[in-house]
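Chain IDs A, B and C follow the sequence of writing; residue 1 opens each chain.
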Amino acid sequence: MKLRSTAAAAAVVVLALTATACGSGSDSGSNGDKITIGIKFDQPGLGLKTPDGKYAGFDVDVAKYVAKELGYSEDKIDWKQAPSAERENLIKNGDVKFVVASYSINDKRKKEVDFAGPYFLTHQDLLVRADDNSITKVEDLNSKKLCSVTGSTSAQNVKEKLAPKADLQQLGGYSECLTGLENKAVDALTTDASILAGYASQKELQGKFKLVGLKMSDENYGIGLKKGDDELRGKINKALEKMVSDGTWEKLVKANFGPSGYKYEAAPAIQK
Amino acid sequence: MSSVLYDTPGPRAKRRNVVYTIVFLAVLALVGWWVLDALNAKHQLDADKWSPFVTDSQVWTTYLLPGLTETLKAAALSIVIALPLGAALGIGRLSDHRWVRVPVGALVEFFRAIPVLLLMMFASALYREFTTVSSDFRPLYAVVTGLVLYNASVIAEVVRAGVLTLPRGQGDAAVALGMRKGQTMLYVLLPQAVTVMLPALVSQLVVIVKDTALGGALLGFGELLSQNRQITANYGANTIATLVVIALLYIVLNFLLTTLASRLEKRLRRGRKSPSVTLPAQAGATDVKSEAVSGA
Amino acid sequence: MFDFLDSGQYDLLGAFWVTAQLALYSAIGSLVWGTALVAMRVSPVPLMRGFATAYVNIVRNTPLTVVLVACLLGLNQTLGVTLGAETFENIGFRLAVLGLVAYTGTFVCEALRSGINTVPPGQAEAARALGLSFTQVLRLVILPQAFRASVTPLANVLIALTKNTTVAAAIGAAETSLLMKTMLENETDALFTVFAIFAFGFIVLTLPTGLVLGWAAKRLAVKR
């Protein structure tokens, strides 16, 4: 008897929970007057969820600017976490209108989604301790202990092309690598310079680390959107062009990467 | 039992115990000092790495508490779905019909043999390929699916063991009263078995809570452990401090559940002449429970 | 359907070999550590009893994932413990063994304690009457019987440990679950095949353990 009522109660709870889950899950890219944009939640300098529940970083600022040009003010934006492995899925399923999340344009991704931009050019680089001058060229890496994030293109790059003999540690996130770097368990952390600069400019870490400045690859950050949506792509491209020409781009880059001394490149030309 | 292993210490044994105590204390202190000193040398004990958890309430409201909520949500959903499913499977395994008993037994053994992490990963891949569940909920669904499949089969075994510990006479008496098989199970056997099983079921909750952390580490489920990454991204890679705080939260939560389980057990033992009491007191009916606990 | 297996792209046997090694080393380690813990738990020295009880209660209530991540971040990345390994691959493996031993030892301790409880008090009293010391009572009389009585719970711990080795993926040990994750992401049209392969592998690993130890438990049980 007891069991039966428990089971019934269980069923009710489950139904209620799935119902709410479906209800909130069904809103896609843009319904009504809101827009959903995919960003990173855990990358300082690019896309970061801050303790007050807001979002900060260069990607976030670019997304806000573009949204404003598309006619959505800041309070009309729903931010959605877009982890690296999920970006194509989010776009294809229509969960987000577009993705601004350190999203490098490459041929493999172009098969699945379209890109507006690029809006930023960066390179794979190394972050080392501020007092470490032993790495000056790519070949130096072969005798070093490197750290990167599991499954990232930077990690593959090192293994396959740049320094196959380097001892590469792959961890779940950049913070883990930073702990090792700070305590000399690893010699360098490698990924896009923009991401590294974001960490290096954090107030707790300022002065502890520096970028080596090796340009080990070209990464053009684009805004990912649904394949074939040329109308949106055109609009975003126009917004990006305006952002560069009216000086906002320069201002945003300075604000987000300034403290690290990161030598960023001029705004790349939009690929029409 | 433990007190019968050694005599009441006399003067020499007392002295020896004091020496052991001092040596052991010295070893503990040495290890503790080495760890703390090394942490201090690496600036891991600096105030700015720890102060956010004390001075900045936003760390709690933005990351830790929502993470804890997700953990509890996944655990609650899993137990609520796994309980009836497990009970059904357990009863199915006790069925008189071979065609029910054998397939159910195979199913239970299969899911008990597969690591719960692999079940979660597989579920996640299935949801990604064959459903349109949004990426916000897919990790939760995958974690709950994996936990339900595994824990339902564990609960099935607990239920079966619970029913089997009942004296045969209970079932026979019910049959003699003219009850049907379903009635016997529902009105006579299960209600008695539940009291035997309850502590084991609460212990299983601890296992479930711990296993939700798998989803956070490897599937991108936004539970308590996964908040580590977002907190450390905001406060200058204070990974050690964050991990310690998160571990403490898990320990307190699970300690409460464990205490609840042992309270329940004590109360049931005292209140009712349940079958486990008829076993020799030292044997302590540990079989069902230890299995549930070690199935971590 | 199985063509991706022939491509040589995935080292299935290698991954399962790592899993088996992880399970083997951790099993030996946790048996030793668990025995030491249970000896402390029943010892005449109050401080040791207190330490063992506290250790078991704390570690058993911590998720294994947290234990392993703490080994990596705390011991390796911060304190610089490498356990004598040179490359990160070996460090990951050895740290995983260490973490699994620290965690599984608590369950071994509990299994043995339940085994000790099955030994009639008269045995210990008789041993003490013969003038045996605490370590002698434990070593010669209690533990041999306790081990025989706790084969079944220890078998369950071993099976759980074998399955728990998959968590080592969280700190980058190159074992089965990491490979399965990669395969599930790449071979999207063969999800069920991939899962079936790994499920089969684990059944092969755990089923004989259960059967052999179940048989052994019956053979070894102390007849009373």
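Heads up, the rule we're going with is that a residue touches a chain if its C-beta (ideal position, glycine included) is under 8 Å from a C-beta of that chain, and two chains touch if they have at least 3 such contacts.
Because the structure is predicted, anything quoted here is derived from the model rather than measured.
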- Task: Per the contact rule at the top, check every chain pair and give me the one with the most C-beta pairs in contact.
- Result: B-C
- Which chain lies the greatest distance away from chain B when centres are computed from Cα atoms alone? A
- Query: Taking each chain's centre as the mean of its CA atoms, how far is chain A from chain B in angstrom?
  - Reply: 36
- chain B and chain C have mean C-alpha positions lying a whole-number Å distance apart equal to 17
- Item | Cα-centroid distance, chain A relative to chain C, in whole angstrom | 38
- Mind pulling the residue numbers of chain A that touch at least two other chains? 85, 172, 176, 179, 183
- Item | Residue numbers of chain B (touch at least two other chains) | 42, 217, 228, 239-240
- Got the chain C residues that touch at least 2 other chains? 73, 77-80, 170, 185
- Message: Can you tell me which positions in chain A touch chain C when the two form their complex?
- Response: 85, 145, 150-151, 167-172, 176, 179-180, 183-186
- Message: Give the list of chain A residues in touch with chain B in this complex.
- Response: 1-4, 6-7, 10-11, 13-14, 17, 21, 25, 41-44, 48-53, 80-81, 83, 85-86, 89-90, 93, 95, 172-176, 178-179, 182-183, 199, 202-205
- Item | Residues of chain B that touch chain C when the two form their complex | 1-2, 4-7, 9, 13, 17, 20-21, 24-25, 28, 35, 38-39, 42, 44, 110, 113-118, 121-122, 124-126, 129, 206, 209-214, 216-218, 225, 228, 239-240, 243, 246-247, 250-251, 254-255, 258, 282-284, 286-287, 290-291, 293-296
- Query: Of all residues in chain C, which touch chain A in the complex?
  - Reply: 72-73, 76-80, 86-88, 91-92, 170-172, 182, 185
- Message: Help me check something: in the complex, which residues belonging to chain C touch chain B?
- Response: 41-42, 44-48, 51, 57-58, 60-66, 69-70, 73-74, 77-80, 107, 110-111, 114, 116-121, 124-125, 128, 133-134, 137-138, 142, 152-153, 156-157, 159-160, 163-167, 169-170, 176-177, 180-181, 184-185, 188, 191, 195, 198-199, 202-203, 206-207
